[in-house]
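The two complexes that follow have chain A in common; it is paired with chain B in the first and with chain C in the second.
What follows is the complex of A and B.
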């Protein structure tokens, strides 16, 4: 009985809790991608670097506040810096729309043109972020580190294994829930939100109904700024900020959006968790877990690991390829790619 | 002066003209129907009146005002409503949301108008929370017409509203159109079911190859032997 409890704690500590946190971060990123795909009708390859840009601004303001001695007690100071990051990112995105995407909209370009343009914006952001903050790891988390410590739990319960829950992980889940609820309220209950869903559904009919395409485009980019900055900041608080890592997040984020069904925000959230859990569960060494479950002589020799952790991104990639091959519209039947 | 006038319309989608000096006139509260063989330019004429097509000669006049240079969205603001033949609803949104989107330009309370639409199409009231894409073809047409009515238009233009719809539903739809016209809305309709359409029409326009061939009341056209021979099928 105690062995089963230990097995559960082990899985929670190394798989469930990290996967839920990572899944929330991917979910927020994927919703941003899926909104652009559904409403603006193109794949935004710059999304990872938009997250990096937003997080960079948050980090700079966090350092500023920390130097002034401003802090939030047990919570990270980055939370106060968040609105500044969102504002800066929103300005950048609206600017990029005005100077890049609008040109192609007027020419009625095909979607792949916007995709390539977004790759260009990706490179520009790549350069800007590295130029301002450098290519190295940056840590900006402060405040309390843990909500629950595994050691304390082990002592309290007398078990061999315990569960750690970091403040950043708890914050991720709480923030993600708040953001998602707010987004769905906006899309389903407000006039502007409904007009954006209508625009995504049937663009010609939306224009005939008097819906202003410029307003829909602007609001979409502002939502992307909010989602990307929050997702990037939560990821940076949880792990660390490194421009290259954020660029690499593009793969699992797109995989999440596609698995859930492009254009469908609910799908993006579900997809985020599917990818996160898959990545972590497929690369986790189950040796200790199996040892707790099976009787003594059956203890495994090797690590019982399906794929080495180096292959984490390969998992996202394989899932992406399988979904595109067998069910391209995704779980929630969004628009196919 | 007539309420809606499309006079001497000449133009097309690209290099070649499809309409040649076409004239379509409708009085207030009248049902005007455009019929003709395939490729006659019926939908083209209606799109020209709505502004989805550029005519290089001719003009469109609504209630005495020349609206030829206005975009379709601007014409909606002037009181025109257009129901396309296909893709005329928002499939992933509920019936009620579709109607709300129809009234997007209105800032006042739309509840009364929505009630009127539900009175006209009672089945939509039952299905108000269902996604429009899940409805049958006939019900979807009702949503499409209801959506257009939400702006309280002065002119309602319908492009083949009974296309792909069963005969009973077609009768119901035509009954509803008559109801709408009784409230004072001018109806302009392109139809392939010419016999039934001319039956309810105050004015009928038979078009052939982009030109007016016959213009008269619906009843006269139905009994005109030449019209019957050429495409009503005797």
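What follows is the complex of A and C.
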């Protein structure tokens, strides 16, 4: 019995809790990608770098606040810096829309032109971020580290393993839930949100019924700024901030959005968790876990790992390929054209 | 008129290279030229995909890296005993994996859809995975344990490295076929995302499959298709040549080697260019452009759009793989960590778009111009930063930071160039003839 409990705690520490946190981060990123896709109808290759840009501003403000001695006690200071990051990102995105995308929208360019333009934006963001904060790792998490400490739990229960939950993980999940609820409330209940959905469903019809396309597009970019900055900051608090890692997040984020059905926010959230759980479950070495649940002399010698951690991107890729092969519109029907 | 513009642009490019030769050094100028040539071939490959057919490939880096892998597998001398210890096991493991995927596809095509088919396919995949791991893992461990500091990998076939160029193209072509088969026919974004994914995975394989590529320990000292400087310096005819030119043998030998490379690369560039121009002017080329300009009507005319796209996607990737093998040959080493998407994928894209998509000469010009500025932007950026910060004190932290970060400026510059060209001159420097 105690061994089973140990095995369960182990899985919770190294698989379930990290996967829920990572899944929430991916989901927030994927909702941003999917919104751009639904409204502006292109895959935004700059999304990873938008996240990096927003997080960078948050980090700079966090440092500023820390130097003034402002903090949130047990919670990371980055939370107070978040609005500034969102504001800066929103200004950047609205500017990029005005100077880049708007031109192609008025010309009714083919989707691939937007894609290339987003690659250009990605380059510019890449340059700005590396120029200001540099290409290296930055840690900016402060406050308490753990909500539940494994050590205290072990002493209390007398088991060999204990559950531990990091503040960053708890914060990620709570924030993600709040953001997603707010987003769905906005999309379903407010007038602007409804006009966004109408625009996404049928652009011509929406225009005929007097919806202003400029307003819809601007609101979309502001939502993207909010989602991307929050996703990036949570990821940075949970792991660490490195511009190149954020660029690499593009693949799992796209995979999440496509698995859930491009253009469908609910699908993007489900997709994020599918990708996160598969990635972590397939690359986790089960050696210790198996040792707990099998009789003593059956202990495995190898790591009992399905795939080396280095290939975690292969997991999102394979899921992506399977979805494209068997259900190109995604689990929840998204746009197929 | 168009011809004049062509000549003018290439003449300016030649002058720039000459200028670097005269004012910086001939060594630098020739190194830039060699990489310009390779970039031009890569840009030709991307132009075949984008310019002829409008396919957006974001995985150029991966296909180029497959070329590099081919260079290692073909040209490096085989490692003593590695094949006996684990080579066959590693190959056998891979073979089982391929067979089980083939079997799964076969089952999918030949069984009636339903629960039994799903169960059999899943069973085939799971059994295949574990069976191949069972054979593969111990074999690769055995290979990696042979003198890990110096070899620890299988080595290659020990053939002349030039042979690896077409092989590199073949590798890239096979990978492109698989990706194309899956994503072509779906919407264009999917091809972009899938190629982005496969290129990251190819790089991950090169970095972590030590038995094949030594991973991050790098394969160095690859054989060359041209003479070595040291040998040249003791060859009578070379010394006579130096005498006649009045040049210093040591300095001239390295220039001579670079000229040899340039000769090889120019030959390859001309072959690829001739082939692509011939293809573009043929009925096939006209059909490709018809498909690109209006897929629906081309489809109505009875053209199999998806099949043609697959064909052109594979052809373009073959050219990129070829250029990738040439690049590794020039470097003389395979360093998986040096494959960065910004340098290998997006830079090539900028070359094609700036040069003029759809026009082979434009792609070549783009390859030259962009590579030239990519290299020269760094000293220029540093100079600029030094000028801007000259008013600040020597050890001002802002000044040091700005000078340190000057290198990142070129990313931003490239992005701005892409955006500006796309907006104000979408047809590029040398537009496609209509």
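By our rule, the second predicted complex is superposed on the first by the 336 of 337 C-alpha atoms of A that agree within 3 Å, B and C clash if a C-alpha of one lies under 4 Å from a C-alpha of the other, contacts with A are read in each partner's own complex, and residues count from 1 in each chain.
Everything that follows uses one rule, which is that contacts are C-beta pairs under 8 Å (C-beta built on N, C-alpha and C of every residue); 3 or more make two chains touch, one makes a residue touch a chain.
Since the model is a prediction, treat every value here as computed from it, not as a measurement.
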Query raised in the report: Can A:328 be said to touch chain B (first), chain C (second), both, or neither?
Result: second
Query - Of chain C and chain B, partner touching more chain A residues - result: C
Requested in this report: Once the structures are superposed on A, label A:9 by its partner contacts, choosing first (chain B), second (chain C), both or neither.
Outcome: neither
Requested in this report: Would you check which partner chain A:194 touches, where first means chain B only, second means chain C only, and both and neither mean what they say?
Outcome: first
Requested in this report: Quick one: classify A:206 as touching chain B (first), chain C (second), both or neither.
Outcome: first
Requested in this report: Return first, second, both or neither, reflecting whether A:314 touches chain B, chain C, both chains, or no partner chain.
Outcome: second
Requested in this report: With the two complexes superposed on chain A, say which partner A:128 touches: chain B (first), chain C (second), both, or neither.
Outcome: second
Query raised in the report: Touch check for A:115: first (chain B), second (chain C), both, or neither?
Result: second
Query raised in the report: First (chain B), second (chain C), both or neither: which does A:284 touch?
Result: neither
**Report entry** Residues of chain A defined as touching chain B within the complex
**Finding:** 191, 194-195, 197-198, 201-202, 204-211
Report summary line: Contacts from chain B onto chain A in the complex sit at residues 72-73, 76-77, 82, 84, 87-93, 97, 100-102, 104-105, 147
**Report entry** chain A partner contacts - residues on chain C that touch it in the complex
**Finding:** 54, 56, 58, 182-183, 186-190, 192-194, 196-198, 200-201, 204, 207-208, 341-342, 346, 349, 353, 404-405, 408-416, 418-419, 422-423
Report summary line: chain A contacts chain C in the complex at 42-43, 45, 100, 103, 111-113, 115-117, 119-128, 130-132, 134-135, 247-248, 250-251, 254-255, 258, 262, 308, 310-311, 313-314, 316-317, 320-321, 324-325, 328, 336-337
